[in-house]
Amino acid sequence: MTTLLEILHQVKKGHCSIDEALQKLQLQPPETIEEACLDHQRSLRTGMPEVVYGASKSVDQIVAISTSLLKNGDVLLVTRVDEEKAKEILAKLPELEYHQKASILCGNPRALDTDKCRGKVLVICAGTSDIPVAEEARVTLASLGQPVEPLYDVGVAGLHRILNNQPLLTQASVIIVVAGMEGALPSVVGGLVSAPVIGVPTSIGYGANLGGFTALLGMLNSCAPGLAVVNIDNGFGAACMALAINRA
Amino acid sequence: MTTLLEILHQVKKGHCSIDEALQKLQLQPPETIEEACLDHQRSLRTGMPEVVYGASKSVDQIVAISTSLLKNGDVLLVTRVDEEKAKEILAKLPELEYHQKASILCGNPRALDTDKCRGKVLVICAGTSDIPVAEEARVTLASLGQPVEPLYDVGVAGLHRILNNQPLLTQASVIIVVAGMEGALPSVVGGLVSAPVIGVPTSIGYGANLGGFTALLGMLNSCAPGLAVVNIDNGFGAACMALAINRA
Amino acid sequence: MTTLLEILHQVKKGHCSIDEALQKLQLQPPETIEEACLDHQRSLRTGMPEVVYGASKSVDQIVAISTSLLKNGDVLLVTRVDEEKAKEILAKLPELEYHQKASILCGNPRALDTDKCRGKVLVICAGTSDIPVAEEARVTLASLGQPVEPLYDVGVAGLHRILNNQPLLTQASVIIVVAGMEGALPSVVGGLVSAPVIGVPTSIGYGANLGGFTALLGMLNSCAPGLAVVNIDNGFGAACMALAINRA
Amino acid sequence: MTTLLEILHQVKKGHCSIDEALQKLQLQPPETIEEACLDHQRSLRTGMPEVVYGASKSVDQIVAISTSLLKNGDVLLVTRVDEEKAKEILAKLPELEYHQKASILCGNPRALDTDKCRGKVLVICAGTSDIPVAEEARVTLASLGQPVEPLYDVGVAGLHRILNNQPLLTQASVIIVVAGMEGALPSVVGGLVSAPVIGVPTSIGYGANLGGFTALLGMLNSCAPGLAVVNIDNGFGAACMALAINRA
Amino acid sequence: MTTLLEILHQVKKGHCSIDEALQKLQLQPPETIEEACLDHQRSLRTGMPEVVYGASKSVDQIVAISTSLLKNGDVLLVTRVDEEKAKEILAKLPELEYHQKASILCGNPRALDTDKCRGKVLVICAGTSDIPVAEEARVTLASLGQPVEPLYDVGVAGLHRILNNQPLLTQASVIIVVAGMEGALPSVVGGLVSAPVIGVPTSIGYGANLGGFTALLGMLNSCAPGLAVVNIDNGFGAACMALAINRA
Amino acid sequence: MTTLLEILHQVKKGHCSIDEALQKLQLQPPETIEEACLDHQRSLRTGMPEVVYGASKSVDQIVAISTSLLKNGDVLLVTRVDEEKAKEILAKLPELEYHQKASILCGNPRALDTDKCRGKVLVICAGTSDIPVAEEARVTLASLGQPVEPLYDVGVAGLHRILNNQPLLTQASVIIVVAGMEGALPSVVGGLVSAPVIGVPTSIGYGANLGGFTALLGMLNSCAPGLAVVNIDNGFGAACMALAINRA
Amino acid sequence: MTTLLEILHQVKKGHCSIDEALQKLQLQPPETIEEACLDHQRSLRTGMPEVVYGASKSVDQIVAISTSLLKNGDVLLVTRVDEEKAKEILAKLPELEYHQKASILCGNPRALDTDKCRGKVLVICAGTSDIPVAEEARVTLASLGQPVEPLYDVGVAGLHRILNNQPLLTQASVIIVVAGMEGALPSVVGGLVSAPVIGVPTSIGYGANLGGFTALLGMLNSCAPGLAVVNIDNGFGAACMALAINRA
Amino acid sequence: MTTLLEILHQVKKGHCSIDEALQKLQLQPPETIEEACLDHQRSLRTGMPEVVYGASKSVDQIVAISTSLLKNGDVLLVTRVDEEKAKEILAKLPELEYHQKASILCGNPRALDTDKCRGKVLVICAGTSDIPVAEEARVTLASLGQPVEPLYDVGVAGLHRILNNQPLLTQASVIIVVAGMEGALPSVVGGLVSAPVIGVPTSIGYGANLGGFTALLGMLNSCAPGLAVVNIDNGFGAACMALAINRA
């Protein structure tokens, strides 16, 4: 199998046109490790590196897959890693950094490069309980080289908290709004700005919150224009969407 | 069967103490008409007259029951009567008045008596499509002698519409907030006032609005204090709750 | 930032009218502590102090936020605090009181002031398993200076238990009815009184109780007038609604 | 194929023991008519004749099947037949009787035979809108020779209506309770009697009534002992259960 | 308060007619113990003693309530008691008996009295995992003096298991059928017998079994006549219904 | 664009290997007609021709698409065509045949070729109301050249109807079982045979049948081995699965 | 009330700074027409004009509101207008244009101005039945001056249809993917591109499609990065999000 | 009771025809062990041995039932056995083999006999988290003597992974596709092959994945022909269906 390196060498030497190389890379067979079928070329196709979903993987699986992905030289992100699991992984891969509130392990973070960005991403959350999901979005974006700023605990029950921050809102190029319970904050934000708004419902709440479905449904039915929604608690997915939008 | 009239005569003559009369009235067997078992004493127990739910009744049933209830002398309310049915009933009971937007037929409306009220009830709705439900609440309250004022089409996607009306909000003794889609308006109102707020979700919307369940769930999960909720599209129920609260 | 104290001094000295002060306070930027954005003025706007939802917060977060809120001088309520967590917090804030059945930590309870109340709040529950939710409502109200009386384990399967207490029912100014399983008790109570009734469904039951949704749906569909509903297990929310209603 | 008649003749002549006959009859191949596979022996096995569910059948199908079943000599019941369809069928089968409120066509009704019954079946319903379902139960039982008595429009919002009828309740051998909306009436009745209670939820209501699921869930979660439930709007099924119980 | 004993003495001495006594007992105020409002007269009204639902009660609560109820002299049943809790209770109330598979604690079981019964109750279950629910029904009935027989692990995937037992089926006066997964067994049994059939769905299964809702829905939609259903896993409720039916 | 014909000519002349032809055909751009993107090669890839879902298409769209597909020479199937629409289409395409019970329009039916089949497909349904769905499956299979036999109205409430037909069951190579209401029939059939069983839930029923979801869930949770399920009312999908299985 | 015109004049004359004007306009009280509270400044805040949701409005309401909005000079969009209603409106407002497949009435469409756009928006749909929703998105974008291109009927059951169009995919700056049934197409597209993808589930399908919820849930759970979702059938909402993203 | 052995001896000696033997065996009463009613003849009827569902059984129950079934001489499968339970059982039944990823205990595996098979079964899964379900299917099939091959971690977000393996797809006689999250993989596979496809939704995912229902619904609504579905996480059920199909 021709490796990424070989293809790039061929391109440099003129043995392969850029178009041919792109074609090859996009069709290149994936690498198989520990029953995982790694897709090293995803970054080329979608601009997002392959990210490891840590919740359903063992420490050994994460270490093996991370080691393979780190060889690529691109940023490594492992999401949904609790503190205990993180410690064990860090013992074997000390070059990684653990973001505790975000439950993310990161290696080779991309440097901030504002030239390649349209502007700053704003990550808002409604209550303090929503912060872990907001941090998953914020850390993902920061690790991918995006300028990003948090604005937390500004829910609709005290409207002046969000109204006092209107300059922040109008300057952002993309806004991620994280909210549980009734999920009303994205509607309010969406009515105040012209930037695209990404709603992230969280499972925070109890009783009739239906594990986050109430917030999800509320955001989907929002009357505010320019609002789209990702899965419950999916801060990572919101970051991906924001990244896709924020590319210059 | 001793009638209401006879009991009141006995009270007047001193043949029956007020306590006994109250007792009797509350236990008095209901009248049976057209298979309906009329509860003439409901007003004595709960302050609300027996109201006729018109949606599942024929013109003949409504006319028969209305005729019987009108003899009581108290206000008559028939809810959920569409325009066509209303015309047929009015042909037989021309003393009734039809409120078309509210789909309510009313007879013997109670006179406005502000002395018996704590203050003014404010009925708010989020969008123009929510007006029929808001009107069901407003007309019910007005017919029962309550001071009531509407404030319509002030949803959260244009926040200044509600913020511009803050004096109205702070002066109300009870506030009914009618909203469909994401149902966020009661949360916003609840965060601005100290009066009790009654949320009425509506079935307005489409797709994931679940026939009003999305708005209902949103209101139940609101983080705003002092907010309680009634059934979807139940403007009448909200009016009953407001009446119970607004008694002086 | 002008503090609450300064504003009050200015009012006292006549440097600021009461209207101006109210305006200022309602717009005053919130204080940021431990990522929480404290809304010290909520009590001014809504009559309810900012209450801490303890379930999703750590001991350290609760201690920090409580310390800040206690400086306000108003009552402090921390809800959903289990016994173990309560012990740790009490070790650091011994001036608080723990209500074990209600899972509430309270500081600076407001004194009972019946002059500012319309009457007594009655808290009813259907079964012994519903008591924790009923106590959350009762303790919240008592801590906020409201007269409140419990009537527990009087479900509809033995109707005489509620019928024997009709005097209590008719004297209350507001009634909170807590019930799980089929949630039928608020309908029965609502048919007996003219006071506003607040239904609180609980998650008590099994099988087709759907975690409290069965009771919630039953209460929302009640044919009794003057009944509104709060979220499942939300004794605190019912207390807020009762407080809003019971103000003289 | 040996017919029912032949088998009975053989029994009479002693060519076949009763046990053998029973065995044969229960295994006898069904008759095929208009793609329907008629089960003439169902009555022998279960005590219930094969009943025709009219809602999804054409006039021609109903006439053909009814004609075949009438030959059996047993009672014929066709349920869920609207008025228009009934007229067309009666034109062809004038010996049938149409019960309009129950939407049932009946032929060869069984005579009332109280000796074969344990007692009287009581059919209760909560509101006037529930009457069609209650009538489906009542007419089915009456047509099958059961003594049955109605008690309609006695819902829980006016408790005295049911409490005034306690003698009727305590004398019944089986009680069918039909209720929509919150479905609380079976719980109340179940707490007052020792007879078995069959709950029938109806689809009456709106908003969060979920087409009858709210009432169904309420009844399933009832804390009253001796209560079982049938499908939404299934008056016929309740009658079958009552018949099975009421056999002497 | 006049006690049960006093009333019975008055009856014996002729100071009180039987009708008066019955009236008194049914209206007698309940006893309040540990916040439980005990309904000693339930047995008189409904034929079922007050049964303790053990799942949500502490050992101390169960011991206190049981001690009070045992004084009545009637059978004591505490359901949903796991093995560990049972041990602690037995240490304090050694006169009780623990039925481990049924998770029931029983005191003063009623003696078998076939004269007061219509016949034998048959308790069927579909799979071995359904046995705990079936045993809850069987032990409840046996403790209440009913003749009862089990027939377990005879699900529809091997039809001959149920067909081989047809004599048992046809001799029973009531049949309880317990089944999880698709819940098809009650339909099959209902098609074979004329006795009333009580379906008990169980939460056994996984994936799309929805915690027993699939079996519940299947039983509610059964085309078999003479079938009614109780809540998921509610063996106790099925026993109550069977008892109500099986009284001679 | 190279047509199917040209490719086959090239193969015949040896200008193109069979492998190359297959490759080409599978990658051949689809034809665009009336905004539909026709996939003429689907039959080559999957063995099923492109079938037209008639429910959401106008008469003109169906005529245009059918005309294009008929040129292919393969069988044409248009499903979910009601009688009125069928008449209009037949007026323009008289060479088609309309199967009224199945609501299918067919052109160029494939001839029965038992050599290419493993055996006979048996289509069973539980009640007469399920026949339209069963016929959709049967007509689809027959039009595709499969041997297929119906066995209708043999539901579990009269078990002998299915037990009497056991030889039919054991001889079939694939069995499609169509059932509404509780959907128990596939479990019973699955327990009697070794052939693969395809369950088709139908929307037949009312109340808690949830538009067919009850039957669907029942079949998914069946304890019978060798059973898989298709969408509600999807007789066509069951036929596709049966065809895929029955190929020799 | 100061009008928009006056403010702009003041700006021109220097009597009002641009910042002040912006401030004023955003807080300007809305105009009230036919109970609708028009938000003329929405376009200033969010870049989207106020759009009229036609489904729940009468012809008269639409004409009145449209007339008022047209005075603003900005584009007018009325969505969800069926053909019959459109005719009546066009009779009164002949300057509007009706897009029949999209069910949209448009006045004053914005001219295409590619300088203000990042690139071309691609609107993809899976099947021909999804076209009306796709057209709602496409017409909305085109009317707002966006370059937009359709790619219809390219669902996943024939993958080559989408793979053959990869150049179109990689050149788009935003992609809207409309799909019903299982809603798999956005996952496939999201795995092929780096542009942001907006998924629009449709209610197309039957049986277990749950009115579009199946497609909605599928898209929310997609493993593809850079994908966010709007409400079922909400082509308009997708267009708003795409517009917010596509601004240069 | 005549045992299996005796019947076979009678056949050998000619005392019983093969037809008679088959008949007997299929009706033979099941053996009762530990309250389980073992169906030794299931394999004769359905080709599948009785398989033990280990999740809800104790170690002792599994050992007793396994010992009885092993005497039959046929393969023994115990599914859903976690590692800890497996160890305890292996200590008592060391002849069993434990497949850890599949959570299956196996005894007497059937030898691979390709003559009795139509071809190779292919087991595909979308992500690494789906492997346990895929392995349950693969190990079941291998233990039953079927040729089976895995193809794991080839989800739709990187389409080339599945497209690169098209030869494997086209050669399989049956394909099992295991997928969680949006469950789109079976649709893609179903569009590429003519073999029957069995979809297995898994509970892998979070938020709006609804415990696997999202994937289940997606597969049921797939537009791909020749696809049927089994319960969530039911790798075993898929294997049974594949076995029924793959018999030569």
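Residue numbering begins at 1 within each chain, and the chains themselves are lettered A, B, C, D, E, F, G and H in the order written.
Convention: contacts are C-beta pairs under 8 Å (C-beta built on N, C-alpha and C of every residue); 3 or more make two chains touch, one makes a residue touch a chain.
Owing to the predicted nature of the structure, the values given are computational and were not obtained by experimental measurement.
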A-G or F-G, whichever has more C-beta pairs in contact: A-G
Distance from the mean Cα position of chain D to that of chain C, given in whole angstrom: 49
Centre-of-Cα separation between chain G and chain E, whole angstrom: 60
Chain G residues counted as touching two or more neighbouring chains: 42, 157-158, 190-192, 207-209, 213, 216, 220-221, 224-225, 231-232
Contact pairs between chains, per stated definition: A-B, A-C, A-G, A-H, B-C, B-D, B-G, C-D, C-E, D-E, D-F, E-F, E-H, F-G, F-H, G-H
Contact footprint of chain C on chain A as seen in their complex: 128-129, 131, 152-154, 157-158, 160-161, 164, 204, 206-209
Chain C partner contacts - residues on chain B that touch it in the complex: 42, 45-48, 51, 190-198, 216, 220-221, 224-232, 237-238, 240-241, 243-245, 247
Residues of chain D that touch chain F when the two form their complex: 26-30, 32, 34-37, 39, 42, 53, 55-57, 61, 201, 203, 211-213, 216, 231-234
Complex interface listing, chain D residues touching chain C: 126-127, 155-159, 163, 181-184, 187-188, 190-192, 205, 207-210, 213-215, 217-225
